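Same chain, two partners: chain A is paired with chain B first, then with chain C.
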Partner chain A sequence: MKGEISVAACVAALALSASTRAAASDPVVIGIIDDFTGVYADVQGQGGVEAVKMAVADSGGSVLGRKVTVLSADHQNKPDIGASKFREWADQGGLNMLIGGSNTGVNIAMAKVALAKKVPFIPIGPGGSSLTGADCTPYSIHYAYDTTALANGTASVIVKSGGKSWFFITADYAFGTQLQDSATKVINANGGKVLGAVRVPLGTTDFSSFLLQAQASGAQVLGLANAGTDFSNSLKSANEFGITKTMKPAALLAFLSDIHSLTLQTAQGLYLTTAWYWDLNEETRAFAKRFFAIMKKEPTSTQAAYYSATLQYLKAVKAAGTTDADQVMAQLRKTRISDMFTKDGYIRADGLMVHSMYVMQVKTPAESKYPWDYYRVIKVMSGEDAYGSQPDPSCPFVKR
Partner chain B sequence: MRAAAVYAMLGALALAAPLLGLYPVFLMKLLCFALFACAFNLLLGFTRMLSFGHAAFFGSAAYVTSWLVSVHGWGAVPGILAGVAVSLLLGLAIGAIAVRRQGIYFAMITLALAQLVYFICLQAEFTGGENGLQGVPRGSLFGLIALGPDATMYYFVLAVFAAVYLFIRRVVHSPFGQVLRAIRENEPRAISLGYRVNRYKLLAFVLSAGLAGLAGSLKSLVLGFATLSDVSQGTSGEVILMTLLGGSGTFLGPVLGAGIVVTLEEYLSDLVGAWVSVIIGAIFVICVMIFRRGFVGEIQRRFGTAVTRRS
Partner chain C sequence: MTVFGMPLPVILGQLTLGLVNGSFYALLSLGLAVIFGLLGIVNFAHGAFYMLGAFAAYIGLQYFGVNYWFALVLSPLAVALLGMLIERLFLRHLYSLDPLYGLLLTFGVGLIAEGIMRDRFGASGKSYPVPHLLQGAFDLGFMVLPIYRAWVVVASLAVCAITWFLIERTRLGATLRAATENARLVQAFGINVPLMVMGTYGAGVAIAALAGVLAAPVVQVSPLMGSSLVIVVFAVVVVGGMGSIAGAIVSGLLLGVAEGLTKVVYPEASNIVVFVIMALVLIWRPAGLFGKE
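And then the complex of A and B:
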């Protein structure tokens, strides 16, 4: 009997806790589902959570008289974990907005949940352009960068500077293949050609056989269509094998955290495309200084985007006077986004946040004057040049 | 009598659970894994065949159902039946090869063939590779009852689970089940009595595979996706863990084991992330060292009740 009574008590307690959640003065809940332990943990990870908390603090910690709370969970790079966690928060946690961390595959899975549960979903970590194409939803805003912009930046600069023949080392999932496809389009359009590609599983540490294939292809450019520690490991191995002497490495997606771990000695001369850099102007440096005080690292572009997206979402909630998903999305769509992350952002019909992008070159150790002084701006691309001005026609929610 | 009382209480609890505010999606996931563990237990507990590759059946059925339902617009029930059919066939193919050997060799053959299935799922076009199949609609029951709402889906899953649970009890207590137990206790003697042991073992294997497939199909509809995790080695290991933790060879053991593992994963993953596997591994070690028969098996031994086993 005793056991039964305690079971009944537990069940009753759970039922009570569930029903009290629906009160009107509920907090506004912002969720973050990201890779906190795997290959992408350095890109945003805990730093992303801190950036969101900074934005919440800068918005006064509450909106519409409701406290703002932040939840975070590790998706372990598994789409099923990310999607179930999102669904659970939407059903039970009173989630109002979700920030999607790294990994396009996981984010595609989460986009389906956003559509089903009608929760605003801001993927920032993932690059896959299909998030505003075939996998778009009326509730998604792809915020920081995408594979199209990366290719239009890095690949076109390299082809124009003479790197005509390419061989790709590609991360074997949605992100890698989409990045390779986008880059291939740009290369072909600029008169270059792709000699071959090899697909590598996520989280591979031994790149030797793939690199030998790349070397045997005789291509001029080694296109690295991967990210996070996959990127730094492949570039390190390429260096050790001496392949970078004959082939020019192209980092299709590199973050400040990657360059930091590679060191300038290894990474010098790389071209890369980024939405933001901590040392662009006074505003970015001011944000970076505050971030550094907490994390002891300079922020990556996506960490800055976490901050910006949270700020913009909370502003939109305030302006709309509600957390209703459709009204907040409508409010965001008519807002010009201007903060320390970008000055000229706007949300395209398919959910892409169009903003200027920077093509950077990594400095040599001699050029670097102070810690974290890593990039030199090669060119600034307008949002339209980077992302294209027309919405993706494969997005089913774009009204034509 | 006591057994009936326990079942009545569990049944009432299961029926009332969503009304009490427990999260239905979590309960459904739990039921699907409990079903999977029961199917596995049919093989391990009642025939003593340790398969290391049951995720192949679970996952391939999940993929087939998801693919047919989302890409080809099949209904929920035909989709599930197709998933079960595929896992039965796969069970027949893998079983036909594996039952020729015993013990560790049997386990290794199932492991190898399941890895084969995993890599097919990784490379094949229709499975979506690393991304898996996403956004699978739940559809409706024969076009009459929409399964979209969590509560409806929950009672559907519960009904399927109860039916399979009773079916497994029936199978174990049938003459066929008695032969399986004879094989478990002493295979040479079963042979000497004139039973074609391999045929019995193959049939048990195929049955177990089909039911594991049913669990996979249901899971893919409940959660709306089929991914590589479903076919991966980790899932095969997890079901072994659930069965052993709860108590293999008991009826309620796998259900309890699935409950423990799924609940721990659900609640610990927020707190410790990928460390969940380490914690569950430690629990398994403790289980093997201290109570080898699993929770339910140990309770039966201590209290000598016939709650879950009428043998």
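And then the complex of A and C:
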């Protein structure tokens, strides 16, 4: 009993010191909790940290006369690790804002911490649309993309071009199932139908068995509702087994890093939806050039979003004149977001950052003229077309 | 015609794919069984050596123009040299201690290897092309089998058979087995036991690296490709009976097929079915299917 009391006293003391902490000399702390070592480490990982540091430097390295510092930690794709690290930084690290990296499951757990600790939380890596639905909080901004936008982009383009019947290979966790659900809605709405689906454990290396099931279904489209190496391995095997000759593969989530590692030979012709591409215009190329100098690779869409989110957060702190979570969130909600990541962004009542999205097609090796010349723009979707203009009614914080 | 409510062609297709995966399991568990059976080391770096084998093939092709067929020989040799270096410098000092120390050391070596490759090549890995000679597919009637996958089965089974023969049926194998029973006595006959032990570890590692080269064209060559496999392979070895060469081969193939069938019946369980079988086997036969009590 005695031990418990002293632990409780310590925790109380720490909490007190954290709340009295925001003195003028204390730094503004931005945290990043992401997959730095696992299957998603190439999507943002260290490149994400560098992008945030670039944004801090571009903001002058300080705000309100306080130095800006950046913390990062590896969640190892485990929700408990992500949530406890977030809690630790919020309690003891003087954390002012957290960027959530890959993995929807981990980010759902971290959203609960954001709500309890009242810390602005910007999930960028995860796709699960429940982050602005059932798992939304008044402190969350889902920034770069979500499963709804991916489905509205890729799935609708493919259904409209004749791919009416689908079979899904789905990663068996929150992200995969939400992506499949979103895509199914779009397919049904456009007059297509889903003939079947298999739920495959995360990190499976051999997809051949699932691909034969897909082929046996007789569907026209092979919907890959997975990501990272799961996506690469499933597409590679689909090529090997000749399934891509009879079925059209649809990459529901593919990042530039995936296309790079698969090579154009394997990935050519794929449709995919992305928020940003390094080779869109002068501004994106200028950012990519600076990024390339550090990381020796072109930035992914979410790495660019890390930069943008940090920039916008620091601007909001400056405009609000405080790091107080509620005031900064209010400031962000009334700001029109315009930088090299997007020109027309705004934050919907449920916390979703609505902005235009691009449907891309992967170039053939012959069409690619220089290194990293991978995508051709097929369609630009307005933010409303991609995400819908109404907030998600399942978000409990949306006032009706 | 249907079996268990599934059309026969589907069953045959899945059995064939199970055999392909099973031959990978067999090859990997063979190396583990050799190392455990003859040296008593629980080699947790096995997955890392498998991964390094695949990367050695990739690096060879990308930077030195070494084609697949040469890589089949050269990358196992290169990785085996690294393995023997590790045996000589570190593992050697742990033979007199509890096997747990060797397990921890090899586990650490595996993590370091993974970390270095992730730093150099990124987590999403690299693509290795299927060699020209093995491109294309056989039409088996019930399924289309890529020629490369058929080659994997043939190559793995051949290596398994040769290894089994060397260890169980030749004088070299007899000496090796004698050395594990009583190293001092064998040394008294003028045989350099430490050198032989180092060579055996190298051979086990080489088999893992060979499996890596065989896998390179069919999976993404990535730093984590071994760690997702090594735990399954350990389960295979335990089911077969720790250290039993024949047990490792047979249970590798059987579990590959069992996993393949699970992928049709209940895909969500496909990554745990091997462990469920392991638990059942251990209840029924604690020493494994081929183990000696």
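Here is the rule we go by: the second predicted complex is superposed on the first by the 376 of 400 C-alpha atoms of A that agree within 3 Å, B and C clash if a C-alpha of one lies under 4 Å from a C-alpha of the other, contacts with A are read in each partner's own complex, and residues count from 1 in each chain.
The criterion applied here is as follows: a contact is a pair of C-beta atoms (placed from the backbone, for glycine too) under 8 Å apart; a residue touches a chain by one contact, two chains touch by 3 or more.
The structure displayed is predicted, hence computed values, not measured ones.
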Subject >> First (chain B), second (chain C), both or neither touched by A:Asp172 >> reply: both
Subject >> Touched partner set for A:Ala286, first chain B, second chain C, both or neither >> reply: neither
Original post:
Is A:Val380 in contact with chain B, with chain C, with both, or with neither (first, second, both, neither)?
Top reply: neither
**OP:** Give one of first, second, both or neither to describe whether A:Asn233 is in contact with chain B, with chain C, with both, or with none.
**Re:** second
Original post:
Should A:Asp206 be classified as contacting the first partner (chain B), the second (chain C), both, or neither?
Top reply: second
**OP:** Look at A:Thr37 in the shared chain and tell me whether it touches chain B only, chain C only, both, or neither; answer first, second, both or neither.
**Re:** both
Original post:
What is the shared patch of chain A, the residues that chain B and chain C both contact?
Top reply: 37-38, 172, 201
Subject >> chain C-touching residues of chain A, taken from the complex the two chains share >> reply: 37-43, 45, 172, 198-201, 203-206, 208-210, 212-213, 216, 228-229, 232-233, 236-237, 240-242, 257-258, 260-263, 265-266
Original post:
Once bound in the complex, which stretches of chain B touch chain A?
Top reply: 9, 13, 17, 20-23, 25-26, 29, 129-132, 134-135, 150, 223-225, 227, 229-230, 269-270, 273-274
Subject >> Residues of chain C that touch chain A when the two form their complex >> reply: 10, 13-14, 17-18, 20-21, 115, 118, 122-127, 129-130, 137, 143-144, 146, 148-149, 218-220, 222, 224-225, 228-229, 260, 263-264, 267-268, 270-271
**OP:** Spell out the residues on chain A that touch chain B in their complex, using ranges where they run on.
**Re:** 4, 7, 11-12, 14-19, 36-38, 73-74, 76, 78-81, 83-85, 87-88, 91-92, 104-105, 108-109, 112-113, 115-116, 172-174, 201-202
